[in-house]
Amino acid sequence: MIGRFQPFHIGHLSAIREILSGFDEAIIAIGSSQFSHTFDNPFTAGERIEMIRLALREDGQDLSRIITVSIPDIGEHRLWVARLTSMCPRFEVAYTNNPFVKLLLEEQGIKTREAELYNREVFNATRIRTLMAEGGNWKKLVPKSVGDYIEEIGGVERVRIAKGSATSTLLR
Amino acid sequence: MIGRFQPFHIGHLSAIREILSGFDEAIIAIGSSQFSHTFDNPFTAGERIEMIRLALREDGQDLSRIITVSIPDIGEHRLWVARLTSMCPRFEVAYTNNPFVKLLLEEQGIKTREAELYNREVFNATRIRTLMAEGGNWKKLVPKSVGDYIEEIGGVERVRIAKGSATSTLLR
Amino acid sequence: MIGRFQPFHIGHLSAIREILSGFDEAIIAIGSSQFSHTFDNPFTAGERIEMIRLALREDGQDLSRIITVSIPDIGEHRLWVARLTSMCPRFEVAYTNNPFVKLLLEEQGIKTREAELYNREVFNATRIRTLMAEGGNWKKLVPKSVGDYIEEIGGVERVRIAKGSATSTLLR
Amino acid sequence: MIGRFQPFHIGHLSAIREILSGFDEAIIAIGSSQFSHTFDNPFTAGERIEMIRLALREDGQDLSRIITVSIPDIGEHRLWVARLTSMCPRFEVAYTNNPFVKLLLEEQGIKTREAELYNREVFNATRIRTLMAEGGNWKKLVPKSVGDYIEEIGGVERVRIAKGSATSTLLR
Amino acid sequence: MIGRFQPFHIGHLSAIREILSGFDEAIIAIGSSQFSHTFDNPFTAGERIEMIRLALREDGQDLSRIITVSIPDIGEHRLWVARLTSMCPRFEVAYTNNPFVKLLLEEQGIKTREAELYNREVFNATRIRTLMAEGGNWKKLVPKSVGDYIEEIGGVERVRIAKGSATSTLLR
Amino acid sequence: MIGRFQPFHIGHLSAIREILSGFDEAIIAIGSSQFSHTFDNPFTAGERIEMIRLALREDGQDLSRIITVSIPDIGEHRLWVARLTSMCPRFEVAYTNNPFVKLLLEEQGIKTREAELYNREVFNATRIRTLMAEGGNWKKLVPKSVGDYIEEIGGVERVRIAKGSATSTLLR
């Protein structure tokens, strides 16, 4: 399953439950893994791994069936599938709801599938980050353990500041 | 002649005809060559070389007088001219209609010229890609062989999806 | 003191005066140093060093107390503080008025401070570059020697062209 | 625990057993993760993850207590610790037997420890790869499941060819 | 046909003749294209394109059947085939005499072949560069036009100096 | 003046004295600036700046006439001169005793000169680092303040460990 998990929310959890109901193991590929401290990508790869494991443990999932893998973006999009397959254990099917990722994968002959149980309007990471920046009720959209973790590491403040600077460059 | 050729259109063809009428050989420098699968740069360097050769062959040009060279962008703009001259055979004049590229070249002492026969309002690559994404009549703006090639490789669908994701990041 | 200095203006000068009144030496860290020839970053690192030294000399400062250091941006924001401390002589306090840079520094245990005497609405580099592009009176916002230097190297024309192309990609 | 795991051998397994006897979870940080297909780094990050999981499962370890994380090398060594901490979940102690890695970690205030049960003369990855290239008995130095996996993916042949080309450049 | 062409010699020419006798077009993929000014890679990509075209013209080949493509090395070897196919027009068969490149290509399902007419002991680029550095008779191993070109651009002196510094780092 | 200054020694000091006797200002370009913690490049750019300033101050030089600039290596050697001129204030002459750097500079039309007063057999950075690693008397070859500084930051131990690992890769 491919995503950025900024942050890991209940929609993601639902998708992983679905995958684990059909397969022995799920590889969670954390895309854009090199980025952090921006509004689009506030959390480091390490923090995202912590969130994923907290959420799955809270949900009673067997963590031995889960493999987290960080995939740094590559500027040359045509090479991304080779990077993905190089960094992951072999897999049968790639789960993604992103049409662009689907296109890249299928052009290289990778079988793709969409997770079904996903309510994308409500459980949407951009919406969650916007709520975080604006003081809204974002915590109900993520597993409890994830919400607590984000608060513990000062994540809300980080998202708020990153939104203010609203830029991909470091310095303005 | 410097361009991105996303895609190669009739304006580009007209400019190359003009150059070949005055010089023995034309180097076609394909800029931003590392990018593909975005709305701004949908086609790989290899696909762009195929388009260029198809269009010139269709036009009856002698391909032995053409050298295609891919030039990956460099984040450090001040180094781009050094990269260009490093990757191309020696040349007398650089053709560009882009004021920014002209500035970079002239600051480093390279002689530049604009292609004259170019109708930029009509034969404009951004406009062509927008027509592709929106189901408009883009085929009349490119050589027939280029239009057929783009359809053969699924290029229209690729542009449409890339426009939808509307982002330079891989994952949203 | 951390900044981009695009260009070095009277607000920057005021901040450095303040720092030099309290410390033996000031390190001027030139961020985003690899970029140039864009509207956001028109000047090279070398040109920015020249501006800084001209302005401080004009102001009667002792240049032996100043160390300029160029810091290229790093895509992985979480690594930027390590790059900064790796490229600079050891320092006691980091001066920045940028909340995002402040956050990055403080997460890594670096003490930060804001320069006080800074009128950010008037002496603002983005505003100065906009005035340059639009033919406004930008020269009164920078030290005289900096204004003369920018004109000497064709900087106004460069900013104007870069604004027109309005893009971070090299070629459009 | 930091290593390259080219390949994962019985010494590595022994170290992980030691760590799991003292801690709840072990993070296995796969260094130089971007490399593969050279004599020093024959296996991709994905293949190394497969080896690690096969070996630990064969050994009866609880995989839910293991987190594999790939850490691409960074040319700027002084930034490597920031990359490591950015890509890993938080940890208490870093296990390494490499004096250079130990130095980098300790300069940045990270607590390090050496795994004790490690017979480095016998269970040594360079020695194993040399045996692979020269037709020696390498299989007794790795867990059975790892040996079978390497044969299945054509790893012996790959190491043999990579040794022949004996170079870090792609083309000779 | 994949090579580095440092420099283009009579063995390369013989291989291209063989390819052109069996195929309509030959793509000459210039590997390690970003490097120059070292003993292993003295000539820029642009200079290598000039050599190739001079040699083929001298040999009476039809240059319209030749496409030169520069392929920068990628540190992640597993991604190199994706880069190659991304930067080249589509091709049927890859010619290489390098077992390592052959392995990479075949692991990704690309059909490979070796050029037959190649006397690798005599016509060997490393041997030619060594002769250049040591004042030996290298000119008989390259087409006459290539020998003249190398002398014209000061190539012998460049190889001699690069051998002296004997390093891949810029500064010693 | 171009060098790596690993470490800054009495030969370097002598060269800078010579330059300051003939010019108003000296730019000290610190090459390979991104590297540290290897035997070839043990010290960070920041540490090298500290050494240079300590040595010049000890020697009674006027630091206001000195500009230190860090120049990261670029894999594409043909682009290095553009990077150098982009990162430095304008200069009249480049001082280097390295034939390879001299060649790169002169191919791009930069005037070069060698510092005369330099005893390269005795005051040689590689020899100094070897003495450091082997417990020899290296301190007499560097200015006193530099020797004290290196000891203060644990530099001797760092060089000794880096020599032991004897590799440019991070992990062995």
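As written, the chain order gives the labels A, B, C, D, E and F, with residue 1 at the start of each chain.
Please note the rule applied: contacts are C-beta pairs under 8 Å (C-beta built on N, C-alpha and C of every residue); 3 or more make two chains touch, one makes a residue touch a chain.
This one's a predicted model, so the numbers in the text were calculated from it and none came from an experiment.
Visitor: For chain D superposed on chain E via Cα atoms, how large is the rotation, as a multiple of 5°?
Guide: So the angle, rounded to a multiple of 5, is 120 degrees.
Visitor: Over half of the residue-numbered contact pairs in common: that is the test. Which of D-E, B-C or B-E passes it against A-D?
Guide: Checked against A-D: the matching pair is B-E.
Visitor: So, what's the distance in Å between the C-alpha centres of chain D and chain C?
Guide: 43
Visitor: Please tell me the distance, in whole Å, between the geometric centres of chain C and chain F computed from their C-alpha atoms.
Guide: So the centre of chain C lies 26 Å away from the centre of chain F.
Visitor: Which positions in chain D are in touch with at least two other chains?
Guide: 36, 44, 74, 76, 78, 86
Visitor: If every chain is a node and every touching pair an edge, decide which shape results: line, ring, star, complete or other.
Guide: It is other, because the touches fit no line, ring, star or complete pattern.
Visitor: What part of chain C is in contact with chain A in the complex they form?
Guide: Those residues of chain C that touch chain A are 2-4, 31-32, 40, 73-78, 80, 98-101, 103-104, 107, 126.
Visitor: State the interface residues of chain A toward chain E in the complex, per the touch definition above.
Guide: 74, 76, 78-79, 81-83, 86
Visitor: Where on chain C is chain F touching in the complex?
Guide: Spelled out, the residues of chain C in touch with chain F are 33, 36, 44-47, 49-50, 53, 62-64, 67-70, 72, 85-90.
Visitor: Sort out for me which residues of chain D touch chain E in the complex.
Guide: Interface residues on the chain D side: 34-38, 44, 154, 157-158, 161-162, 164-165, 169-172.
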